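What follows is a pair of complexes built around chain A, which joins chain B in one and chain C in the other.
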Partner chain A sequence: MVTQITSFGRSGLYDWMMQRISALVLSLYTLFILGYLVFNPDLTYDQWSGLFETTWVRIFSLLTLLSIGVHSWIGLWSVSTDYIKATGVRFFFQSVCGLVMFVYVAWGIQVLWGL
Partner chain B sequence: MVYRVVNKKRPVNLDIATISMPVTAIVSILHRVTGIILFIGLAFLFYAFDVSLDSQEGFDQVVNTLQTSFLAKFIIWGTVSALMYHLVAGVKHLFMDLGYFEELESGQAAAKANLVIAGILILLVGVWIW
Partner chain C sequence: MLVSIYRYNPEVDDAPYMKDYQIDLPAGKDLMVLDVLQLLKEQDSSISYRRSCREGVCGSDGMNMNGKNGLACITPVSAAAKDDKLILRPLPGLPVVRDLVVDMGQFYKQYEKIRPYLINESPAPAIERLQSPEEREKLDGLYECILCACCSTACPSFWWNPDKFVGPSGLLQAYRFLIDSRDTATQERLSDLDDPFSVFRCHGIMNCVNVCPKGLNPTKAIGNIRTMLLQRAT
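Our next item is the complex of A and B:
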(Lines of atoms letter the chains of each structure in order from A and count residues from 1; the text may use other names and numbers.)
(Lines give C-alpha, C1' and ligand atoms only; values in the text may rest on other atoms or scores of the structure.)
Protein backbone atom coordinates (compact mmCIF):
# COMPACT_ATOMS: atom_id res chain seq x y z
CA MET A 1 0.00 0.00 0.00
CA VAL A 2 1.19 3.48 -0.84
CA THR A 3 1.09 6.00 1.98
CA GLN A 4 -0.30 9.29 0.71
CA ILE A 5 0.76 12.00 3.13
CA THR A 6 -0.82 14.83 1.11
CA SER A 7 -4.43 13.64 1.27
CA PHE A 8 -6.66 15.49 3.74
CA GLY A 9 -6.89 12.92 6.52
CA ARG A 10 -3.88 10.80 5.45
CA SER A 11 -6.30 7.92 4.96
CA GLY A 12 -8.54 7.16 2.02
CA LEU A 13 -11.42 5.98 4.18
CA TYR A 14 -11.32 9.11 6.35
CA ASP A 15 -11.27 11.35 3.23
CA TRP A 16 -14.12 9.31 1.73
CA MET A 17 -16.26 9.85 4.85
CA MET A 18 -15.39 13.55 5.23
CA GLN A 19 -16.24 14.15 1.56
CA ARG A 20 -19.73 12.77 2.15
CA ILE A 21 -20.36 14.53 5.46
CA SER A 22 -19.23 17.89 4.01
CA ALA A 23 -21.36 17.19 0.88
CA LEU A 24 -24.41 16.76 3.09
CA VAL A 25 -23.75 20.08 4.87
CA LEU A 26 -23.14 21.89 1.55
CA SER A 27 -26.33 20.52 -0.05
CA LEU A 28 -28.45 21.52 2.97
CA TYR A 29 -26.94 25.04 2.98
CA THR A 30 -27.51 25.36 -0.78
CA LEU A 31 -31.20 24.49 -0.35
CA PHE A 32 -31.44 26.90 2.59
CA ILE A 33 -29.88 29.94 0.88
CA LEU A 34 -31.44 29.37 -2.55
CA GLY A 35 -34.82 28.73 -0.90
CA TYR A 36 -34.47 31.91 1.16
CA LEU A 37 -33.60 34.01 -1.92
CA VAL A 38 -36.35 32.48 -4.09
CA PHE A 39 -39.05 33.04 -1.45
CA ASN A 40 -37.84 36.60 -0.63
CA PRO A 41 -37.73 38.28 -4.05
CA ASP A 42 -38.07 41.77 -2.49
CA LEU A 43 -35.25 41.22 -0.01
CA THR A 44 -34.02 44.32 1.85
CA TYR A 45 -30.61 45.00 3.41
CA ASP A 46 -32.12 44.88 6.91
CA GLN A 47 -33.61 41.43 6.31
CA TRP A 48 -30.42 40.15 4.69
CA SER A 49 -28.04 41.42 7.40
CA GLY A 50 -30.56 40.39 10.08
CA LEU A 51 -30.45 36.83 8.75
CA PHE A 52 -26.67 36.64 9.25
CA GLU A 53 -26.91 38.17 12.71
CA THR A 54 -28.89 35.21 14.06
CA THR A 55 -26.70 32.72 15.90
CA TRP A 56 -27.92 29.56 14.19
CA VAL A 57 -27.37 31.01 10.70
CA ARG A 58 -23.84 32.02 11.73
CA ILE A 59 -23.12 28.53 13.06
CA PHE A 60 -24.65 26.91 9.94
CA SER A 61 -22.61 29.29 7.74
CA LEU A 62 -19.37 28.56 9.62
CA LEU A 63 -20.01 24.82 9.31
CA THR A 64 -20.57 25.39 5.58
CA LEU A 65 -17.33 27.41 5.26
CA LEU A 66 -15.32 24.62 6.87
CA SER A 67 -17.12 22.08 4.67
CA ILE A 68 -16.17 24.11 1.58
CA GLY A 69 -12.53 23.92 2.70
CA VAL A 70 -12.60 20.17 3.35
CA HIS A 71 -14.73 19.27 0.31
CA SER A 72 -12.77 21.35 -2.20
CA TRP A 73 -9.43 20.13 -0.84
CA ILE A 74 -10.37 16.44 -1.11
CA GLY A 75 -11.98 16.99 -4.53
CA LEU A 76 -9.17 19.02 -6.07
CA TRP A 77 -6.56 16.77 -4.48
CA SER A 78 -8.19 13.72 -6.10
CA VAL A 79 -8.52 15.39 -9.49
CA SER A 80 -4.98 16.82 -9.53
CA THR A 81 -3.50 13.51 -8.34
CA ASP A 82 -5.25 11.79 -11.26
CA TYR A 83 -4.21 14.18 -14.02
CA ILE A 84 -1.01 15.98 -12.99
CA LYS A 85 1.76 13.41 -12.99
CA ALA A 86 4.77 15.75 -12.62
CA THR A 87 5.40 16.06 -8.88
CA GLY A 88 6.55 19.70 -8.96
CA VAL A 89 3.59 20.91 -11.01
CA ARG A 90 1.16 18.93 -8.88
CA PHE A 91 2.70 20.28 -5.67
CA PHE A 92 2.41 23.83 -7.02
CA PHE A 93 -1.22 23.32 -8.12
CA GLN A 94 -2.21 21.77 -4.81
CA SER A 95 -0.43 24.55 -2.89
CA VAL A 96 -2.37 27.20 -4.81
CA CYS A 97 -5.63 25.30 -4.16
CA GLY A 98 -4.79 25.02 -0.46
CA LEU A 99 -4.03 28.74 -0.23
CA VAL A 100 -7.22 29.78 -2.07
CA MET A 101 -9.25 27.42 0.10
CA PHE A 102 -7.75 28.97 3.25
CA VAL A 103 -8.44 32.49 1.94
CA TYR A 104 -12.09 31.54 1.32
CA VAL A 105 -12.52 30.22 4.86
CA ALA A 106 -10.80 33.23 6.50
CA TRP A 107 -12.66 35.71 4.25
CA GLY A 108 -16.00 34.07 5.05
CA ILE A 109 -15.32 34.18 8.79
CA GLN A 110 -14.45 37.87 8.56
CA VAL A 111 -17.68 38.68 6.69
CA LEU A 112 -19.75 36.59 9.13
CA TRP A 113 -18.26 37.95 12.35
CA GLY A 114 -17.24 41.39 11.11
CA LEU A 115 -20.82 42.66 11.08
CA MET B 1 10.25 3.94 -4.88
CA VAL B 2 7.53 1.32 -4.48
CA TYR B 3 5.00 3.70 -6.03
CA ARG B 4 6.81 3.84 -9.39
CA VAL B 5 7.37 0.07 -9.57
CA VAL B 6 3.66 -0.62 -9.02
CA ASN B 7 2.71 2.04 -11.54
CA LYS B 8 4.90 0.59 -14.30
CA LYS B 9 3.07 -2.72 -14.29
CA ARG B 10 -0.27 -1.11 -15.06
CA PRO B 11 -1.52 -0.91 -18.65
CA VAL B 12 -1.70 2.72 -19.74
CA ASN B 13 -3.79 4.00 -22.63
CA LEU B 14 -3.01 7.60 -23.45
CA ASP B 15 -4.74 7.69 -26.84
CA ILE B 16 -7.78 9.82 -26.00
CA ALA B 17 -9.41 9.09 -29.37
CA THR B 18 -9.65 5.35 -28.61
CA ILE B 19 -11.24 5.84 -25.20
CA SER B 20 -15.02 5.55 -25.46
CA MET B 21 -17.15 8.02 -23.51
CA PRO B 22 -20.45 6.38 -22.53
CA VAL B 23 -23.08 8.56 -20.85
CA THR B 24 -21.91 7.43 -17.40
CA ALA B 25 -18.38 8.68 -18.17
CA ILE B 26 -19.70 12.02 -19.45
CA VAL B 27 -21.76 12.48 -16.26
CA SER B 28 -18.70 11.59 -14.18
CA ILE B 29 -16.26 13.97 -15.89
CA LEU B 30 -18.85 16.79 -15.73
CA HIS B 31 -19.03 16.22 -11.97
CA ARG B 32 -15.29 16.95 -11.84
CA VAL B 33 -15.45 19.89 -14.26
CA THR B 34 -18.32 21.53 -12.35
CA GLY B 35 -16.35 21.05 -9.13
CA ILE B 36 -13.44 23.04 -10.56
CA ILE B 37 -15.82 25.72 -11.95
CA LEU B 38 -17.40 26.00 -8.49
CA PHE B 39 -14.02 26.50 -6.81
CA ILE B 40 -13.36 29.45 -9.14
CA GLY B 41 -16.97 30.76 -9.04
CA LEU B 42 -16.80 30.82 -5.24
CA ALA B 43 -14.55 33.89 -5.47
CA PHE B 44 -17.44 35.85 -7.04
CA LEU B 45 -19.95 34.50 -4.51
CA PHE B 46 -17.67 35.45 -1.60
CA TYR B 47 -17.17 38.93 -3.07
CA ALA B 48 -20.95 39.46 -3.50
CA PHE B 49 -21.54 38.07 0.01
CA ASP B 50 -18.93 40.46 1.46
CA VAL B 51 -20.17 43.61 -0.32
CA SER B 52 -23.88 42.82 0.23
CA LEU B 53 -23.41 42.56 4.00
CA ASP B 54 -21.01 45.50 4.26
CA SER B 55 -23.58 48.32 4.15
CA GLN B 56 -26.89 49.45 2.66
CA GLU B 57 -24.93 50.97 -0.26
CA GLY B 58 -23.05 47.74 -0.81
CA PHE B 59 -26.29 45.74 -0.77
CA ASP B 60 -27.89 48.11 -3.31
CA GLN B 61 -24.77 47.88 -5.46
CA VAL B 62 -24.92 44.05 -5.55
CA VAL B 63 -28.66 44.05 -6.29
CA ASN B 64 -28.22 46.68 -9.00
CA THR B 65 -25.29 44.87 -10.63
CA LEU B 66 -27.19 41.57 -10.65
CA GLN B 67 -30.20 43.28 -12.26
CA THR B 68 -28.35 45.24 -14.94
CA SER B 69 -25.00 43.68 -15.81
CA PHE B 70 -25.11 40.84 -18.35
CA LEU B 71 -21.63 39.69 -17.28
CA ALA B 72 -22.65 39.52 -13.61
CA LYS B 73 -25.82 37.58 -14.53
CA PHE B 74 -23.79 35.22 -16.68
CA ILE B 75 -21.19 34.58 -13.96
CA ILE B 76 -23.82 33.95 -11.26
CA TRP B 77 -25.83 31.75 -13.67
CA GLY B 78 -22.71 29.76 -14.58
CA THR B 79 -21.70 29.28 -10.96
CA VAL B 80 -25.19 28.34 -9.73
CA SER B 81 -25.59 26.03 -12.77
CA ALA B 82 -22.34 24.27 -11.86
CA LEU B 83 -23.65 24.01 -8.30
CA MET B 84 -26.95 22.49 -9.49
CA TYR B 85 -25.17 19.90 -11.65
CA HIS B 86 -22.62 19.11 -8.95
CA LEU B 87 -25.41 18.73 -6.36
CA VAL B 88 -27.49 16.36 -8.51
CA ALA B 89 -24.40 14.30 -9.44
CA GLY B 90 -23.41 14.24 -5.77
CA VAL B 91 -26.83 12.91 -4.72
CA LYS B 92 -26.52 10.24 -7.43
CA HIS B 93 -23.08 9.41 -6.05
CA LEU B 94 -24.54 8.95 -2.55
CA PHE B 95 -27.19 6.59 -3.97
CA MET B 96 -24.39 4.62 -5.64
CA ASP B 97 -22.57 4.44 -2.29
CA LEU B 98 -25.72 2.76 -0.96
CA GLY B 99 -25.57 0.19 -3.74
CA TYR B 100 -28.11 1.57 -6.23
CA PHE B 101 -27.59 2.20 -9.98
CA GLU B 102 -24.60 -0.13 -10.14
CA GLU B 103 -25.83 -2.36 -13.00
CA LEU B 104 -25.29 -1.32 -16.63
CA GLU B 105 -28.93 -0.45 -17.34
CA SER B 106 -29.76 1.27 -14.05
CA GLY B 107 -26.39 3.06 -14.12
CA GLN B 108 -27.04 4.46 -17.59
CA ALA B 109 -30.60 5.40 -16.63
CA ALA B 110 -29.37 7.23 -13.51
CA ALA B 111 -26.74 9.05 -15.57
CA LYS B 112 -29.37 10.18 -18.09
CA ALA B 113 -31.72 11.22 -15.28
CA ASN B 114 -28.83 13.20 -13.80
CA LEU B 115 -28.38 15.13 -17.08
CA VAL B 116 -32.14 15.77 -17.46
CA ILE B 117 -32.71 16.91 -13.84
CA ALA B 118 -29.62 19.12 -13.85
CA GLY B 119 -30.64 20.55 -17.26
CA ILE B 120 -34.10 21.48 -15.96
CA LEU B 121 -32.63 23.08 -12.81
CA ILE B 122 -30.10 25.05 -14.90
CA LEU B 123 -32.93 26.36 -17.12
CA LEU B 124 -34.97 27.34 -14.05
CA VAL B 125 -31.96 29.17 -12.58
CA GLY B 126 -31.58 31.04 -15.88
CA VAL B 127 -35.25 32.06 -15.85
CA TRP B 128 -34.88 33.17 -12.22
CA ILE B 129 -31.83 35.32 -12.95
CA TRP B 130 -33.06 36.93 -16.19
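Our next item is the complex of A and C:
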Protein backbone atom coordinates (compact mmCIF):
# COMPACT_ATOMS: atom_id res chain seq x y z
CA MET A 1 0.00 0.00 0.00
CA VAL A 2 1.38 3.37 -1.04
CA THR A 3 0.76 6.11 1.55
CA GLN A 4 -0.48 9.48 0.32
CA ILE A 5 -1.59 12.46 2.36
CA THR A 6 -2.19 15.03 -0.35
CA SER A 7 -4.70 13.09 -2.45
CA PHE A 8 -8.37 14.01 -2.10
CA GLY A 9 -9.70 11.10 -0.07
CA ARG A 10 -6.52 9.12 0.68
CA SER A 11 -8.14 6.04 -0.85
CA GLY A 12 -7.72 5.35 -4.54
CA LEU A 13 -11.18 3.88 -4.79
CA TYR A 14 -12.78 6.88 -3.11
CA ASP A 15 -10.99 9.35 -5.39
CA TRP A 16 -11.90 7.28 -8.40
CA MET A 17 -15.58 7.22 -7.43
CA MET A 18 -15.69 10.94 -6.60
CA GLN A 19 -14.08 11.70 -9.95
CA ARG A 20 -16.87 9.84 -11.73
CA ILE A 21 -19.72 11.22 -9.63
CA SER A 22 -18.49 14.80 -10.02
CA ALA A 23 -18.11 14.23 -13.78
CA LEU A 24 -21.72 13.10 -13.89
CA VAL A 25 -22.92 16.20 -12.00
CA LEU A 26 -20.89 18.46 -14.30
CA SER A 27 -22.34 16.93 -17.45
CA LEU A 28 -25.90 17.08 -16.09
CA TYR A 29 -25.45 20.76 -15.21
CA THR A 30 -23.98 21.52 -18.64
CA LEU A 31 -26.96 19.82 -20.28
CA PHE A 32 -29.37 21.74 -18.03
CA ILE A 33 -27.86 25.15 -18.80
CA LEU A 34 -27.51 24.44 -22.52
CA GLY A 35 -31.07 23.10 -22.64
CA TYR A 36 -32.37 26.18 -20.83
CA LEU A 37 -30.59 28.49 -23.27
CA VAL A 38 -31.86 26.56 -26.29
CA PHE A 39 -35.48 26.57 -25.09
CA ASN A 40 -35.36 30.26 -24.14
CA PRO A 41 -33.87 31.97 -27.19
CA ASP A 42 -34.86 35.52 -26.22
CA LEU A 43 -33.79 35.41 -22.64
CA THR A 44 -34.19 38.54 -20.51
CA TYR A 45 -32.17 39.50 -17.47
CA ASP A 46 -35.20 39.10 -15.18
CA GLN A 47 -35.83 35.61 -16.42
CA TRP A 48 -32.18 34.66 -15.96
CA SER A 49 -31.87 36.08 -12.45
CA GLY A 50 -35.28 34.59 -11.62
CA LEU A 51 -33.93 31.18 -12.54
CA PHE A 52 -31.08 31.56 -10.09
CA GLU A 53 -33.42 32.67 -7.34
CA THR A 54 -35.15 29.30 -7.29
CA THR A 55 -33.83 27.20 -4.45
CA TRP A 56 -33.33 24.00 -6.44
CA VAL A 57 -31.27 25.80 -9.11
CA ARG A 58 -29.11 27.25 -6.38
CA ILE A 59 -28.65 23.83 -4.81
CA PHE A 60 -27.86 22.31 -8.20
CA SER A 61 -25.38 25.13 -8.94
CA LEU A 62 -23.71 24.71 -5.56
CA LEU A 63 -23.41 20.97 -6.12
CA THR A 64 -21.82 21.72 -9.50
CA LEU A 65 -19.45 24.22 -7.94
CA LEU A 66 -18.31 21.66 -5.37
CA SER A 67 -18.00 19.07 -8.13
CA ILE A 68 -15.70 21.38 -10.09
CA GLY A 69 -13.51 21.70 -7.00
CA VAL A 70 -13.38 17.97 -6.33
CA HIS A 71 -12.96 17.01 -9.98
CA SER A 72 -10.16 19.43 -10.70
CA TRP A 73 -8.42 18.66 -7.41
CA ILE A 74 -8.28 14.92 -8.15
CA GLY A 75 -7.29 15.55 -11.77
CA LEU A 76 -4.57 18.10 -11.11
CA TRP A 77 -3.27 16.10 -8.17
CA SER A 78 -2.79 13.16 -10.56
CA VAL A 79 -1.04 15.38 -13.08
CA SER A 80 1.26 16.82 -10.42
CA THR A 81 2.25 13.41 -9.08
CA ASP A 82 2.94 12.19 -12.62
CA TYR A 83 5.03 15.06 -13.92
CA ILE A 84 6.43 17.06 -11.02
CA LYS A 85 9.20 15.06 -9.41
CA ALA A 86 10.67 17.61 -6.98
CA THR A 87 8.68 17.37 -3.72
CA GLY A 88 8.88 21.09 -2.91
CA VAL A 89 7.66 22.20 -6.32
CA ARG A 90 4.94 19.57 -6.34
CA PHE A 91 3.68 20.57 -2.92
CA PHE A 92 3.69 24.23 -3.96
CA PHE A 93 1.72 23.42 -7.12
CA GLN A 94 -0.79 21.38 -5.11
CA SER A 95 -1.19 24.17 -2.56
CA VAL A 96 -1.82 26.75 -5.28
CA CYS A 97 -4.40 24.46 -6.90
CA GLY A 98 -6.09 23.87 -3.55
CA LEU A 99 -6.24 27.58 -2.82
CA VAL A 100 -7.60 28.49 -6.26
CA MET A 101 -10.31 25.86 -5.96
CA PHE A 102 -11.31 27.05 -2.52
CA VAL A 103 -11.49 30.63 -3.76
CA TYR A 104 -13.69 29.56 -6.68
CA VAL A 105 -16.09 27.70 -4.41
CA ALA A 106 -16.35 30.54 -1.87
CA TRP A 107 -16.65 33.17 -4.57
CA GLY A 108 -19.26 31.08 -6.41
CA ILE A 109 -21.36 30.85 -3.26
CA GLN A 110 -21.19 34.61 -2.90
CA VAL A 111 -22.31 35.08 -6.50
CA LEU A 112 -25.16 32.56 -6.17
CA TRP A 113 -26.61 33.99 -2.99
CA GLY A 114 -25.74 37.58 -3.74
CA LEU A 115 -27.96 37.91 -6.78
CA MET B 1 18.39 -3.75 -44.94
CA LEU B 2 19.34 -0.97 -42.57
CA VAL B 3 19.29 -1.87 -38.90
CA SER B 4 19.65 0.93 -36.39
CA ILE B 5 20.53 -0.20 -32.88
CA TYR B 6 20.63 1.67 -29.58
CA ARG B 7 24.15 1.32 -28.21
CA TYR B 8 25.33 2.18 -24.75
CA ASN B 9 28.20 0.78 -22.77
CA PRO B 10 28.41 2.80 -19.55
CA GLU B 11 32.06 1.83 -19.10
CA VAL B 12 33.21 3.59 -22.27
CA ASP B 13 30.35 5.74 -23.63
CA ASP B 14 29.38 9.10 -22.18
CA ALA B 15 25.92 8.90 -23.65
CA PRO B 16 23.80 6.40 -25.57
CA TYR B 17 23.76 6.64 -29.37
CA MET B 18 22.15 4.91 -32.36
CA LYS B 19 24.46 2.84 -34.56
CA ASP B 20 23.49 1.83 -38.10
CA TYR B 21 24.30 -1.54 -39.62
CA GLN B 22 23.79 -2.70 -43.18
CA ILE B 23 22.84 -6.33 -43.56
CA ASP B 24 21.80 -8.59 -46.45
CA LEU B 25 18.94 -10.81 -45.40
CA PRO B 26 18.44 -14.17 -47.13
CA ALA B 27 15.81 -13.70 -49.87
CA GLY B 28 12.46 -15.44 -49.70
CA LYS B 29 12.63 -15.92 -45.95
CA ASP B 30 10.98 -13.81 -43.29
CA LEU B 31 13.42 -13.90 -40.40
CA MET B 32 12.53 -13.00 -36.84
CA VAL B 33 14.10 -9.86 -35.39
CA LEU B 34 16.15 -12.02 -33.03
CA ASP B 35 17.67 -13.87 -36.02
CA VAL B 36 18.75 -10.53 -37.46
CA LEU B 37 20.46 -9.65 -34.19
CA GLN B 38 22.17 -13.01 -34.20
CA LEU B 39 23.44 -12.35 -37.76
CA LEU B 40 24.61 -8.88 -36.78
CA LYS B 41 26.66 -10.33 -33.98
CA GLU B 42 28.95 -11.75 -36.67
CA GLN B 43 29.55 -8.18 -37.86
CA ASP B 44 29.88 -6.66 -34.43
CA SER B 45 30.25 -9.05 -31.53
CA SER B 46 29.84 -6.29 -28.95
CA ILE B 47 26.06 -5.91 -29.45
CA SER B 48 24.40 -7.02 -26.21
CA TYR B 49 20.88 -8.34 -25.71
CA ARG B 50 19.14 -11.02 -23.68
CA ARG B 51 17.69 -14.16 -25.20
CA SER B 52 17.11 -17.70 -24.11
CA CYS B 53 14.38 -19.94 -25.51
CA ARG B 54 14.09 -18.09 -28.86
CA GLU B 55 10.44 -19.13 -29.20
CA GLY B 56 8.40 -16.69 -27.14
CA VAL B 57 8.25 -18.69 -23.93
CA CYS B 58 10.94 -17.29 -21.66
CA GLY B 59 10.24 -13.58 -22.12
CA SER B 60 13.92 -12.54 -22.12
CA ASP B 61 14.17 -10.67 -25.40
CA GLY B 62 11.54 -8.01 -24.88
CA MET B 63 12.63 -4.86 -26.74
CA ASN B 64 11.30 -1.88 -28.59
CA MET B 65 11.13 -2.52 -32.33
CA ASN B 66 10.33 0.49 -34.50
CA GLY B 67 8.51 2.06 -31.58
CA LYS B 68 6.54 -0.96 -30.41
CA ASN B 69 7.46 -3.30 -27.59
CA GLY B 70 7.51 -7.02 -28.29
CA LEU B 71 9.54 -10.20 -28.18
CA ALA B 72 12.26 -10.17 -30.85
CA CYS B 73 12.13 -13.96 -31.25
CA ILE B 74 8.51 -14.08 -32.41
CA THR B 75 8.29 -10.77 -34.27
CA PRO B 76 8.91 -11.20 -38.02
CA VAL B 77 11.11 -8.53 -39.59
CA SER B 78 8.30 -7.83 -42.07
CA ALA B 79 5.96 -6.91 -39.22
CA ALA B 80 8.44 -4.71 -37.34
CA ALA B 81 10.43 -2.88 -40.03
CA LYS B 82 9.11 0.22 -41.77
CA ASP B 83 10.50 1.47 -45.10
CA ASP B 84 13.10 -1.31 -45.04
CA LYS B 85 14.51 0.02 -41.80
CA LEU B 86 14.59 -1.78 -38.49
CA ILE B 87 15.07 0.33 -35.36
CA LEU B 88 15.86 -1.52 -32.14
CA ARG B 89 15.86 0.10 -28.73
CA PRO B 90 15.72 -1.27 -25.17
CA LEU B 91 12.39 -1.43 -23.36
CA PRO B 92 11.50 2.18 -22.47
CA GLY B 93 11.37 3.46 -18.92
CA LEU B 94 13.83 1.08 -17.26
CA PRO B 95 17.52 1.83 -16.61
CA VAL B 96 19.77 0.52 -19.39
CA VAL B 97 22.53 -1.84 -18.28
CA ARG B 98 24.05 -2.07 -21.74
CA ASP B 99 22.71 -1.78 -25.31
CA LEU B 100 19.37 -3.63 -25.36
CA VAL B 101 19.71 -5.02 -21.85
CA VAL B 102 17.66 -3.26 -19.18
CA ASP B 103 17.63 -3.51 -15.41
CA MET B 104 14.32 -5.20 -14.56
CA GLY B 105 14.68 -4.63 -10.80
CA GLN B 106 11.85 -2.10 -10.53
CA PHE B 107 9.54 -4.34 -12.54
CA TYR B 108 10.22 -7.37 -10.33
CA LYS B 109 9.81 -5.29 -7.19
CA GLN B 110 6.24 -4.50 -8.23
CA TYR B 111 5.65 -8.16 -9.01
CA GLU B 112 6.93 -9.12 -5.56
CA LYS B 113 4.64 -6.56 -3.96
CA ILE B 114 1.46 -8.30 -5.07
CA ARG B 115 2.61 -11.55 -3.39
CA PRO B 116 2.54 -13.78 -6.46
CA TYR B 117 1.87 -17.07 -4.71
CA LEU B 118 -1.14 -18.85 -3.24
CA ILE B 119 -1.91 -17.98 0.35
CA ASN B 120 -4.12 -20.42 2.17
CA GLU B 121 -4.22 -20.68 5.93
CA SER B 122 -6.51 -23.70 6.13
CA PRO B 123 -4.78 -27.06 6.78
CA ALA B 124 -3.64 -28.70 3.57
CA PRO B 125 -5.75 -31.70 2.50
CA ALA B 126 -4.11 -35.11 2.21
CA ILE B 127 -3.67 -34.97 -1.57
CA GLU B 128 -4.32 -31.56 -3.12
CA ARG B 129 -6.58 -28.52 -3.06
CA LEU B 130 -9.24 -29.24 -5.62
CA GLN B 131 -10.76 -26.76 -8.06
CA SER B 132 -13.83 -27.24 -10.21
CA PRO B 133 -13.34 -26.81 -13.98
CA GLU B 134 -15.32 -23.55 -13.73
CA GLU B 135 -13.06 -22.20 -10.99
CA ARG B 136 -10.00 -23.19 -12.99
CA GLU B 137 -11.38 -21.49 -16.08
CA LYS B 138 -11.25 -18.13 -14.31
CA LEU B 139 -7.45 -18.26 -14.42
CA ASP B 140 -7.36 -18.44 -18.21
CA GLY B 141 -5.94 -15.31 -19.78
CA LEU B 142 -4.09 -14.58 -16.54
CA TYR B 143 -1.71 -17.44 -15.76
CA GLU B 144 -0.12 -17.32 -19.23
CA CYS B 145 1.87 -14.16 -18.46
CA ILE B 146 5.60 -14.73 -18.92
CA LEU B 147 6.72 -11.50 -17.20
CA CYS B 148 8.43 -10.13 -20.29
CA ALA B 149 7.69 -6.53 -19.16
CA CYS B 150 6.59 -5.45 -22.64
CA CYS B 151 3.32 -4.13 -21.23
CA SER B 152 4.54 -2.29 -18.14
CA THR B 153 7.33 -0.56 -20.07
CA ALA B 154 4.80 0.58 -22.69
CA CYS B 155 2.63 2.21 -20.02
CA PRO B 156 3.02 5.97 -19.39
CA SER B 157 1.64 5.61 -15.87
CA PHE B 158 4.41 3.10 -15.14
CA TRP B 159 7.04 5.40 -16.69
CA TRP B 160 6.08 8.25 -14.35
CA ASN B 161 5.60 6.21 -11.17
CA PRO B 162 7.42 2.86 -11.50
CA ASP B 163 7.93 2.76 -7.72
CA LYS B 164 4.27 3.30 -6.82
CA PHE B 165 2.09 2.04 -9.67
CA VAL B 166 2.11 -1.76 -9.82
CA GLY B 167 1.82 -1.70 -13.60
CA PRO B 168 -0.21 -3.85 -16.02
CA SER B 169 1.83 -7.01 -15.62
CA GLY B 170 1.80 -6.97 -11.81
CA LEU B 171 -1.91 -6.18 -11.74
CA LEU B 172 -2.73 -9.00 -14.14
CA GLN B 173 -0.90 -11.28 -11.71
CA ALA B 174 -2.62 -9.67 -8.73
CA TYR B 175 -6.00 -10.50 -10.25
CA ARG B 176 -4.82 -14.02 -11.03
CA PHE B 177 -4.46 -14.61 -7.26
CA LEU B 178 -7.51 -12.57 -6.25
CA ILE B 179 -9.76 -14.75 -8.37
CA ASP B 180 -8.16 -18.10 -7.47
CA SER B 181 -10.64 -20.17 -5.46
CA ARG B 182 -7.79 -21.74 -3.48
CA ASP B 183 -6.45 -18.41 -2.21
CA THR B 184 -7.84 -17.17 1.11
CA ALA B 185 -6.04 -13.81 1.37
CA THR B 186 -8.43 -11.97 -0.97
CA GLN B 187 -9.34 -9.27 1.56
CA GLU B 188 -5.74 -8.47 2.53
CA ARG B 189 -4.74 -8.44 -1.11
CA LEU B 190 -7.51 -5.95 -1.90
CA SER B 191 -6.59 -3.75 1.07
CA ASP B 192 -3.01 -3.58 -0.20
CA LEU B 193 -4.24 -2.22 -3.54
CA ASP B 194 -6.72 0.40 -2.34
CA ASP B 195 -4.46 3.49 -2.51
CA PRO B 196 -4.37 6.21 -5.19
CA PHE B 197 -1.37 4.66 -6.98
CA SER B 198 -1.16 0.85 -7.00
CA VAL B 199 -4.24 0.25 -9.17
CA PHE B 200 -5.81 3.63 -9.72
CA ARG B 201 -2.93 5.12 -11.70
CA CYS B 202 -4.28 3.09 -14.60
CA HIS B 203 -6.05 5.54 -16.90
CA GLY B 204 -7.09 2.93 -19.43
CA ILE B 205 -4.54 3.92 -22.06
CA MET B 206 -4.40 0.26 -23.14
CA ASN B 207 -0.86 0.24 -24.54
CA CYS B 208 -0.46 -2.97 -22.53
CA VAL B 209 -3.17 -4.75 -24.47
CA ASN B 210 -1.67 -3.49 -27.70
CA VAL B 211 1.80 -4.94 -27.09
CA CYS B 212 1.32 -8.13 -25.06
CA PRO B 213 2.98 -10.91 -27.08
CA LYS B 214 0.78 -13.45 -25.36
CA GLY B 215 -2.42 -11.65 -26.35
CA LEU B 216 -3.42 -11.02 -22.73
CA ASN B 217 -5.60 -8.15 -21.52
CA PRO B 218 -4.22 -6.42 -18.39
CA THR B 219 -6.71 -3.53 -18.73
CA LYS B 220 -9.59 -5.97 -18.29
CA ALA B 221 -7.94 -7.52 -15.24
CA ILE B 222 -7.46 -4.05 -13.75
CA GLY B 223 -11.15 -3.30 -14.37
CA ASN B 224 -12.04 -6.51 -12.53
CA ILE B 225 -9.88 -5.55 -9.54
CA ARG B 226 -11.62 -2.17 -9.45
CA THR B 227 -15.01 -3.89 -9.47
CA MET B 228 -13.92 -6.15 -6.60
CA LEU B 229 -12.78 -3.11 -4.60
CA LEU B 230 -16.02 -1.31 -5.37
CA GLN B 231 -18.20 -4.26 -4.39
CA ARG B 232 -16.35 -4.58 -1.13
CA ALA B 233 -16.67 -0.92 -0.26
CA THR B 234 -20.27 -0.11 -1.18
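Please note the rule applied: the second predicted complex is superposed on the first by the 115 of 115 C-alpha atoms of A that agree within 3 Å, B and C clash if a C-alpha of one lies under 4 Å from a C-alpha of the other, contacts with A are read in each partner's own complex, and residues count from 1 in each chain.
Criterion: a contact is a pair of C-beta atoms (placed from the backbone, for glycine too) under 8 Å apart; a residue touches a chain by one contact, two chains touch by 3 or more.
This one's a predicted model, so the numbers in the text were calculated from it and none came from an experiment.
With both structures placed on the common chain, the touch criterion links A:104 to chain B but leaves chain C unconnected. Of the two partner chains placed by the overlay, only chain B lies in contact with A:38; chain C stays clear of it.
When both complexes are overlaid on chain A, the residue A:48 reaches chain B alone and has no touch with chain C.
When the two complexes are overlaid on their common chain A, residue A:64 makes contact with neither chain B nor chain C. In the superposed model, A:72 lies in contact with chain B only, and not with chain C.
Legend: residue contacts after superposition of the two complexes on their common chain; A:11 is shown touching chain C, with no touch to chain B. Of the two partners chain B and chain C, more residues of chain A are touched by B.
Look at A:27: by the touch rule set out above, it reaches chain B but stays clear of chain C. Within chain A, the residues touched by chain B in the first complex and by chain C in the second are 2. The part of chain A that touches chain B in the complex is made up of residues 2, 20, 23, 27, 30, 34, 38, 45, 48-49, 52, 68, 72, 75-76, 79, 97, 100, 104, 107-108, 111, 115. Of all residues in chain B, those touching chain A in their complex are 2-3, 6, 32, 35-36, 38-39, 42-43, 46, 49-50, 52-53, 55-56, 59-60, 80, 83, 87, 90-91, 94, 97, 128. Partner chain A is touched in their complex by these residues of chain C: 157, 160-161, 164, 191-201, 226, 229-230, 233. Those residues of chain A whose C-beta lies close enough to touch chain C in the complex are 1-4, 7, 10-13, 15-17, 78, 81-83.
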